[in-house]
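Note that the chains are named A, B and C in the order they appear, and that numbering of residues resets to 1 at the start of each chain.
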Amino acid sequence: MSDALIRRSLEPTIFRVLTLAFSVFIVAYILIPILVTLVMSFNDATQIRFPIKVWSLKWYGDFFASPQWTEALFNSFTIAIGTALIATTSGVLAAWAFERYDFPLKSLLYVLIMMPLFMPGVVLGLGVAIAFGGVEIAGVDLYGSRGLVMIAHSLWAMPLVFMLMEATFRTIDNRVVEAAQDLGAPPVRTFFEVVIPMVSTGIISSVLFAFVISLNEFVMALFLTDRDTQTLPVLMWLSLRSAGTPRLAVASVILACTVFLCLTLIMLWYIRQLRKVAR
Amino acid sequence: MTTPALHLDRVRRVYGPVVAVDDVSLSVAKGEFVTLLGPSGSGKTSTLRLVGGFDQLDGGSIAINGERIDHLPAYQRDTATIFQSGALFPHKTVAENVAFGLRMRKVGTSEIADRVRQYLDIVRLGGFADRYPAQLSGGQKQRVALARSLAVRPAILLFDEPLSALDLSLRLQLRAEIKSLHDQLKFSAIYVTHDQGEAMAMSSRVAVMRNGAIEQIDTPTRIFHDPASEFVYTFIGESCCLRVNNAAQSLDLTLETPLLGEARLYVRPSRLRLGPDAASLPNRLKARVKFVEFLGDTNRYHLQAGDADLFADHAGEMSLAPGATVDLGWLTADMRVFR
Amino acid sequence: MSDAYTTARARLARRKAAAPWILMLPALIIVLIFFGLPTAYMARMSFNLHEGAKLYTPGFTFDHYINLFSNEVFTTAIWTTVKLSLMASVVTVIIGYAFALLVWLKPARWRLLFVGLALCPLLISEIAIIFGWWMFFPKNGLLSFALMSSGLITDKISLMYTEFAAFVGLVYVTLPFCFFILLSILDGMDKRMLEAGADLGASPLVTFREVLLPLTRTGLLVAFSQSFIWTMGTYATPSALGPDTLWTMGFLIQEQMLGRSNWPLASALSMVLVVGVAVVITFTRSLSAKRTTLHV
């Protein structure tokens, strides 16, 4: 009897201690690789070695002075912008078709469009590489081109945009769309003048998520790029395999900062829209 | 004879096994305000959506100003709809909302500005041009929707239960405003509603719909006083029903002309006289008081005669306690008999 | 006369029927040409011959599949992958579940902070994460340094290139998927249910076992299969952090493709992976048929 009583009074304390311990663990677990990288990027030494003795911005200077690395960064940005455009355009249009129309094989097509999202990057990269390896369009080798990487990245980005936009389109009032047509706007004009502004937050999020996915991805890019078109993550991967230097940390920080900048933009746009439309 | 603003000829729409619109024919003259009145599922909204072009017909034809339009998509039809929720463009200001239809019709910039101002003044929202819909009240939104539709000066305005989402006082106010706008601007309109009060108050003519077909179409007064069917009679106003059966007459009922066979006899509660007033009338009935409701200007007496539940409205004081027996009386002209 | 209107109406109906296909065209081109076609091509490729130094020789053989399931190198790799994925997924689900419960039960003001935290591994490139751990585990890494300074050890230690390091990296990358799936399921539940359990005198453990676990079982399975799919396919994290002997499917595909130039075998491996993923997806979909969200 008293044993049970002790147990009952002890249990909440044990529970609280466990909760605290777990919180500390999870915060540490998630932050360790991020903080280590951030700290290392300000290291002055050539080697990755703790403790850090001298702090400097040397490796940032080094990064931007190296044509190889800046070019990789440029490639990454080009490919990410291309992916964002391709994935957003195709994903938004397809989502609108699913929301607005009824057509045969709808659920099958849904699965088909979503499927690539669940496929490992190795498989997608390999598939595109062997299928388009020798293909030339207008004398330009498709393999190794930035365009092919953009499309390969869209295989992940487009289903994500599609999913996001399907949910977004579902929130708009169909009568507003009808009102636009009723007042004389043809379907295309209705789409651009009425529908798109109503889902602008979804579109901006789609563009930036697609951008981020492409920016971070490196397995498909590894299979599909050559020396001239390799992206920053690919270059990081290759130099990690040879020897890691704080330059890699700088590259990581630059990638992460770009991503968080995108996230901030989404937030700002969201707040702006919230002020304007929903009260 | 002048061409009607809108003409529907045996319009038909079928959804699987359900005939939503069943050979509806209807003409709206220029400047006429026609209401489609009916319970939900009667096909009134389906009819309106066919006219607006949001749905395709399965048979018949629709003409605006004498020209067939049923083969045209919504954006090529000279109609403008006022939706239940207003359906304003949330990301456009009030002025941009009103200007939208004009821009689509390629009206010149300066004329757009003039017309936007003109119609916002008409709906008394002159100072609200730069607001967003989210900053407006429900009634204001509906007035913007009205201005937006009026501004394009369509051949016909389509109202899709525009007031049903508003509360009662606002509904009454806006309904009066729409009526005075119609008197002032003389637009042609079809107005869909399930509220007979709205239909009676605003319309040039009312079409009562049931099961996808028009049951009766006439002026509000004629509909009210001379309903074509039992359905129309019971739908457009309150009524009391007595089932009369000569064989087993359990009612203490006196009629001017006796009825033969089975029949249903209807009287409006406002036309029933109670107590001493009833004695001089040609038709009389004895009933028992169940309870009394105080309605303000009048009292409503809930009564029982045989197995029929009745109610009668009476102004003035009367000391009738529940359980008391009372005389009811009415004029033959106020009575309607359906078999 | 009426014929003209009938044709006009038919044209309108046709245009309406064509509209969704026009809208879907870009998406379908991407999926069919850049996913469907390569998959079909890969399926065909996996039956081709591989002779000498050539990438492939056209032909038809089941050799590669037979090889996959009989050659010890590959059976070991498949087994390693499955084992690693299973273990990593179980651990991910446990940590993810605890994390989601923590966020769900904590007051709302903590929520944004924790959700932001959980987003980090999702938004940071896998390569940056790998590199982060790559600096944490080795002899001169932060772990060794921290343990030395605290006096817990006297000699530098390295956990780099161990299965443990690979494991830590894998769990890290999959954790956010699990977390968000489970959090969305917990969010759909009424927290007062737990109070009701406590009111009836049940201890937290009993409440968990009797109330929470049965209600979140589907979510747990979805989360588990999601991480399983992901870990099965990945190759960067385990090959960068783990020992050289840790050959996962993803690593083998990459190795056969780029290292050995054996396209048919790489294709056969990919097909096995694709089929595996498809099976898991079908399984998950059938589980969550009544739930609307299984998405990441």
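Annotations for the structure displayed:
One rule holds for everything that comes next: a contact is a pair of C-beta atoms (placed from the backbone, for glycine too) under 8 Å apart; a residue touches a chain by one contact, two chains touch by 3 or more.
Computed from a predicted model, the values in this text were never measured in an experiment.
Steps from chain B to chain C, minimised over paths through touching chains, total 1. When every chain is reduced to the mean of its C-alpha atoms, the one closest to the centre of the whole protein set is A. Looking at A-B alongside A-C, one finds more C-beta pairs in contact between the chains of A-C. Of all the chains, the one whose CA centre sits at the greatest distance from that of chain C is B. Averaged C-alpha coordinates put the centre of chain B at 59 Å from the centre of chain C. Between chain A and chain B, the centres computed from C-alpha atoms are 55 Å apart. Separation between the centroids of chain A and chain C, computed from CA atoms only, is 15 Å. Counting partners per residue, chain B has 73 as the residues that reach two or more other chains. Shown for chain A are the residues in touch with two or more other chains, namely 187. The multi-chain contact residues of chain C, meaning those touching 2 or more other chains, do not exist; every residue touches at most one other chain. In the complex of the two chains, the chain C residues touching chain B come out as 5, 8-9, 12-13.
The residues of chain A lying in touch with chain C in their complex are 7-8, 11-12, 15, 19, 22-23, 26-27, 29-34, 36-37, 40, 47-51, 86, 89-91, 93-94, 96-98, 100-103, 109, 112-113, 115-116, 118-124, 126-132, 151-152, 154-155, 158, 162-163, 187, 212, 215-219, 223, 233, 236-237, 240-241, 244, 248-249, 251-252, 255-256, 259-260, 263.
Contacts from chain B toward chain C in the complex involve residues 56, 61, 68, 70-73. If you check the complex, the residues on chain A that touch chain B are 173, 175-176, 178-187, 189-190, 193-194, 197-198, 200, 276-279. The touching residues of chain C, when paired with chain A in their complex, are 16-17, 19-21, 23-32, 34-39, 41-42, 45, 95, 98-99, 102, 117-121, 123-136, 138, 140-142, 144-145, 172, 175, 203-204, 229-230, 232-236, 240, 250, 253-254, 257-258, 263, 266-267, 270, 273-274, 277, 281, 295.
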